[in-house]
Amino acid sequence: MGKYKSHILVCAGTGCRASDCEGIVSNLESALEENNLNEDVQVVRTGCFGFCEKGPVVKMVPDNTFYVEVTPDDAGELVLEHLVKGRKVERLLYIDPDTKERISDSKHMGFYKKQYRIALRNCGFIDPENIDEYIARDGYAAMGKILESMTPEEATAIIKESGLRGRGGGGFPTGLKWEFTRKAQADKKYVVCNADEGDPGAFMDRSILEGDPHSVLEAMAICGFCIGADTGLIYIRAEYPLAINRLKTAINQAREYGLIGKDILGTGFNFDVEIRLGAGAFVCGEETALIHSMEGLRGEPTVKPPFPAEKGYNGKPTNVNNVETFANIPPIILKGSKWFSEIGTEKSKGTKVFALAGKVNNVGLIEVPMGITLREVIFDIGGGIKGGKKFKAVQTGGPSGGCLTEKHLDIPIDYENLLQCGSMMGSGGMIVMDEDDCMVSVAKFYLDFTVEESCGKCAPCRIGNKRLYEMLDKISLGKSSEEDLGMLRNLANVIKDTSLCGLGQTSPNPVLSTMDNFHEEYLAHVADGKCPAGQCKALMHYIIDSHLCVGCTLCNRVCPVDAISGEKKTPHVIDSSICIKCGACLEKCKFGAISVQ
Amino acid sequence: MASVKLPESKIQELKEVCQKYDNKGSELINVLHGAQELFGYLPAEVQEIIADELNVSVAHVYGVVTFYSFFSMLPKGRNPISICMGTACYVRGAEKVLDEFKRILNVKVGETTGDGKFSLSCLRCVGACGLAPVVTIGERVYGRVSADDVKKILSEYA
Amino acid sequence: MAKVKTLADLRKMKDELRSKISLRENSDNPESMVQIKVSMATCGIASGAKEVMNHLINELDSENIPSVVTQTGCMGYCYAEPTIEVIKPGEQPLVFGDVTLKKASEIIEKYIKGGELVDGIIPDSYETIE
Amino acid sequence: MDIVKLTIDDKPVVVERGTTLLEAAKSIGINIPTLCYMKLEDLNFENKPGGCRVCVVEVEGRRNLAPACKTECSEGMVVHSHTVRVINARRTVMELILSDHPAECLTCAKSGNCDLQSMAQKLGIRELHYKGEQSRYKGDKSPAIIREMDKCIMCRRCETACNDVQTVGVLSAINRGFESVVAPAFEMDLDKSSCTYCGQCVAVCPTAALTERDSTWKVVEAIVNPQKTVIVQTAPAVRAALGEAFGMEPGTLVTGKMVAALKKLGFDYVFDTDFAADLTIMEEGAEILDRLSRHLNGDKEVKLPILTSCCPGWVKFFEHHFPEMIDIPSTAKSPQQMFGAIAKSYFAQQLKKKREDLVVVSVMPCLAKKYECTREEFQVNGDPDVNLSISTRELANLIRNANLDFGKLTDEDFDNPLGESTGASVIFGTTGGVIEAAVRSAYEMFTEKKLEKVDFMELRGMDGIRKASVDFDGLPINIGIAHGLGNARKLLEDIKAGKSEFHAIEIMACPGGCIGGGGQPYHHGDVEILKKRQKAIYAEDAGKPIRKSHENPYIQKLYKEFLGKPLSDKSHELLHTHYFDRKSKIEINQE
């Protein structure tokens, strides 16, 4: 067999699969066959490229042409034009929103320019279902290196010195965590990979597992060696079928190669990995809840201490890290702690993966060095706000985080800075909001989530969050007073102060941060009965301007509740006591006579 | 107390699922996943058999089933509709889409239409945020859905 | 599949597998290595461009010369097919015409490795197709 | 010993490592308020989910407040238990809990005995700042236990009692978040479940989420009905606890006052369940001896050990969980049912009344007895042998309703013939008592020698499982005792596995036996109260002139006039029962 002269990398992440990347692959393969190129060109399904906004993405190698929004129908043209005739298919190239120029190489795209990929190093680069490609990229070399030449203490020291901190939210130093578990005395220990990514709007871990599952397996084995564990468990959401399948494939391949299992690389080190399915409970991202869930119980957290490092799964010392944390381990071992610790800020080293979403032009998965500013992320990488609207806020940290504003845009992103601004790193969700988003509604959205996901074990979280939600609802209905804002704050603070686990201890953050940063907006709701963003229906009034209305009766006819009355050819009126504020009349009016106040 | 009669062959399969996990109570969640795959949902009788096989109380099994949103005690429709309510989808209008499904199908979230054709549920982030708002029906994924599209989408399943 | 028994095995395996994806790795920064574009339109293919491309890839690989060999469309020198364009890091591109397998080896040996010019350069000003 | 030093409210304290802040504070006289927390020393009951967050304290250097019940002391800790931050947090959390609780204190069954109410009082809650939706659940009225889960505060004590202590496994937390509550599987009613009605969930419930089914008014209606002759029987453990309901020191024996009160309430005859307990010993003792001698004669069919059967919670437990062993327990009915059967036959004859004209009321420390008297096998043509069973708490309410000053009543004696009893029957009220009473009689019947020393100290105590060997004139009889169904389960598993060496085993469903029954005045987590009740029971026994059941003259008379001898046909008809396989079955669709 000759060597492939070209590779076509097709993104096969969940997002692009939803847009039928499988159809693209099969059409590409048949087009190649038709043109007798199937022995020269290899089609590779890779993990997520990150640029989900413009998916499905197809990249041609070696000339690095980056095609966006490809459909299966485009496959024939790609093969014929790009491969046979050597001409780029212009219409599928990315258009720079500023210069309006077509850019063919992803390196020159704003979305990729400021990224630095460590955890995502193999995503969109290798075929995640082929262990050979991982090995070709130094896969399992880090594990081999420590097994051959290091003691667990030495290997742990590298992680400690690198300054790597937990990427799941808390930011606890990873090396220190390993050391605690290593020092715990027990006949059995466990390594657990927390892949129960539950933040709404976050999909970092899923992308890593789909795009580079072996890096997680390798890191877990390294961790096992360091802490003295021979069993790894991956707790993964059942909602991630693709990631589960790729993990299973990866585990089988690694077992066949003997890279996990018994006597790995002839060193006598044993380590094997099993998959445990989550079942849809956000609180299971909390490590004690996760452990209970793996034990077949309700995912209710327990008070720490004892920490899992002392008493975890089945009562044995257990080290829990999240997917992204693990994905950072092999490069750190191979390139050294110094290399890693030179990236990022003083206290937050390395990079962070964010799922950039909301009202930005470029929705997608990005990896940036710590210390980058929110402005760079939102405007340079994210390509600014959709539809030319005004930036209003960015929410980081999901339901545990807060909303940051204009004034925070130039603060370097790291664990401490985000915390100080009233938000948190969280697992990496980053939702951008524009002038149309009402901050009370945003806080309400997150509280709605927390109320549904609270496990119910402790009173402040079970009842307190419900009350927080109800109070926010009252505000959005214009039924609150300024006095209530003080009570809202007290309740939020007490929930933070008294809740049993991280979920409740952080759930008031969306409320507190919006209250701090958008005090005026809250005041407008409670004092003036107005929603400045025009989102809170109850505070809106539809009015017909009698000067502009010609009495065409169109509005009358579309109104679902007969709230509009008036004689033909005379100005109509809306009875606001009946109006349900559906907006149908506004859409229908051809004379601009209807407005919202 | 049984209201649903289970076919014997399925019970045998269910017991095999339990055996696959060594009938260990600590494997309850894996077993429930297997059972739900087998039956499409987890009726009371299935939970009783599992409790018996794993030697845990039925109350415990039920406590676990009701804790996790992935498990359902209601049979799903032939075309299960899931609307992503992740933040990205939410800010891009998922709620309006949901309302439209509710209105047209005349069911609440978690319910199945009378003819068993559709069931409606919400889920948290399928991870296709670039396509927000996202709706899945069975294996199919619909991206950038607006309320106006709902009728058309449903008509595909006529 | 065979088990990987030692770290040395793993390293050996990696070296062997490397070439499978070196294409992708190299494509990330082609400026730092030898870039060769082979004209592969109908006329090129008819005159043996495909074989030349295979040959170039294999030779460069066995010589361990970091390189990117891509195909490109018709360069407009149909009279001199197969044509290839060679860009050495930091140097101006050169186009060679009538590249046979033997010629290809010569280009590698003399121009790419040795820096000597070889016959067959098409000197005219031209535009490559981007 | 590994010790740690810390300061709590500026006071230094030294404790053993592993001590919680709550315990450490208590050791220096600081009582941090708790709500969900409950620990019953010696009874294997410990509930500290850390869920209510009322016990939070401030620990210097910690970001948030720490639950004192769950936080272990560590070296150098500086703790403040009542700063403004702490008090505000406690009050706010309490307000939250109350905001999801029906404010029905005036009419609530638990009013005055409610931990939630007293905590609200203690924290000085006068207003609820956070009102909103309240969780609503379907009500559930079983024959014995009422579940009104709107009042549940998710302390999880019932779950601990039902699962960890009793291993009955009927209750579990279900749902999640605001919707979460404790319930049986599928939220089925208790009477559809394998609930034993032991009532231990009721005994520990801080609110009225779990209470007994109240029958007091039905009792009053019976008393005022001129057509009915109303007979009351009182269980041994009632007299050792009833006084607590009237502010008396736990362990005060109030037998005479109780009898006086019952008479004043208008019962036509005030009898003693103890009489029936003596009868039970006659029948059960005879059964033990029968099985034992057959066993000694090499009969391979005979089942040993024999298990006592006087506890209805225990009976229902083995019917559900060990149906394959339903032929092992004694077939003797419980004293309550023996009493009912005799009252409605022998005593009815004496009164020359039809059984339907008699109403038999029992006063029991127990909730399972309410269920027991509804069992069909204890009815004749739809007329139950025991019509109504009320708990000690309900009797206390009846006495209060009748405006009787209990403490000042003059002692009175039980009526005859069913009011005479021995010391042996009194100790039925505590763990170990039934078997001790049985041994006292069986020894004399078996050896035909007089038993000089009637106190078998080796059978007494509070350990969950106890073992003793009693010398029957050279023949060692191995006795096992378990109280609490979790302990019973262990002994049963041994029997099932063929590992049991016992000849006879006494089992009581409730920790401590009947003194710790689900119908007794609430102990609010103080296990000392149970110990004092136990002491009182043994004191009553020691003070009795007759201490062996078979020496009870009225029992002897009953056999002579009516039953013949133990295990006679008449006895079998009236005093013995049979058991049912209650394991839940799943219908299978045969293909």
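Per-chain residue numbering starts at 1, and chain names A, B, C and D are given in the order in which the chains are listed.
One rule holds in what follows: a contact is a pair of C-beta atoms (placed from the backbone, for glycine too) under 8 Å apart; a residue touches a chain by one contact, two chains touch by 3 or more.
Note that this is a predicted model, so its numbers are computed, not measured.
Enquirer: In terms of C-beta pairs in contact, which of A-D and B-D ranks higher?
Expert: Looking at contacts between chains, A-D has the larger number.
Enquirer: Taking each chain's centre as the mean position of its Cα atoms, how many Å separate chain A from chain D?
Expert: Spacing between the chain centres: roughly 54 Å.
Enquirer: Quick one: chain C and chain D, Cα centre-to-centre, how many Å?
Expert: That pair's centroid distance is 89 Å.
Enquirer: Report, in whole Å, the distance between the mean C-alpha point of chain B and the mean C-alpha point of chain C.
Expert: Comparing mean C-alpha positions, chain C is 54 Å from chain B.
Enquirer: Quick one: report the Å distance separating chain B from chain D, using the average Cα coordinate of each chain.
Expert: A distance of 43 Å separates the two centres.
Enquirer: If you look at chain C, which of its residues touch at least two other chains?
Expert: Within chain C, no residue contacts more than one other chain.
Enquirer: Residues of chain B touching 2+ other chains?
Expert: Residues 56, 63, 67.
Enquirer: Which residues does chain D have that touch at least 2 chains other than itself?
Expert: 173, 175-176
Enquirer: What chain-chain pairs meet the touch criterion?
Expert: Every touching chain pair, ordered by label, is A-B, A-C, A-D, B-D.
Enquirer: Tell me, which parts of chain D touch chain A in their complex?
Expert: Residues of chain D touching chain A: 49-53, 56, 64-65, 67, 70-72, 85, 88-89, 92-93, 96-97, 99-100, 129-130, 132-133, 153-154, 173, 175-180.
Enquirer: In their complex, what parts of chain A are in touch with chain C?
Expert: 2-7, 9, 40, 61-64, 83-88, 104, 107, 125-126, 132-133, 135-141, 144-145, 147-148, 253, 256-259, 265-266
Enquirer: Under the touch definition given earlier, write down the residues of chain B that touch chain A in their complex.
Expert: 24-30, 32-33, 56, 63-64, 67-71, 85-92, 123-132, 134, 141, 143
Enquirer: Show which residues of chain D lie in contact with chain B when the two form their complex.
Expert: Counting only chain D, the residues touching chain B are 163, 169-176, 183-186, 188, 192-193, 584-591.
Enquirer: Note which residues of chain A are touching chain D in the complex, please.
Expert: That would be residues 281, 298, 300, 302-303, 305, 451-460, 462-467, 470-471, 487, 490-491, 494, 496-500, 505 of chain A.
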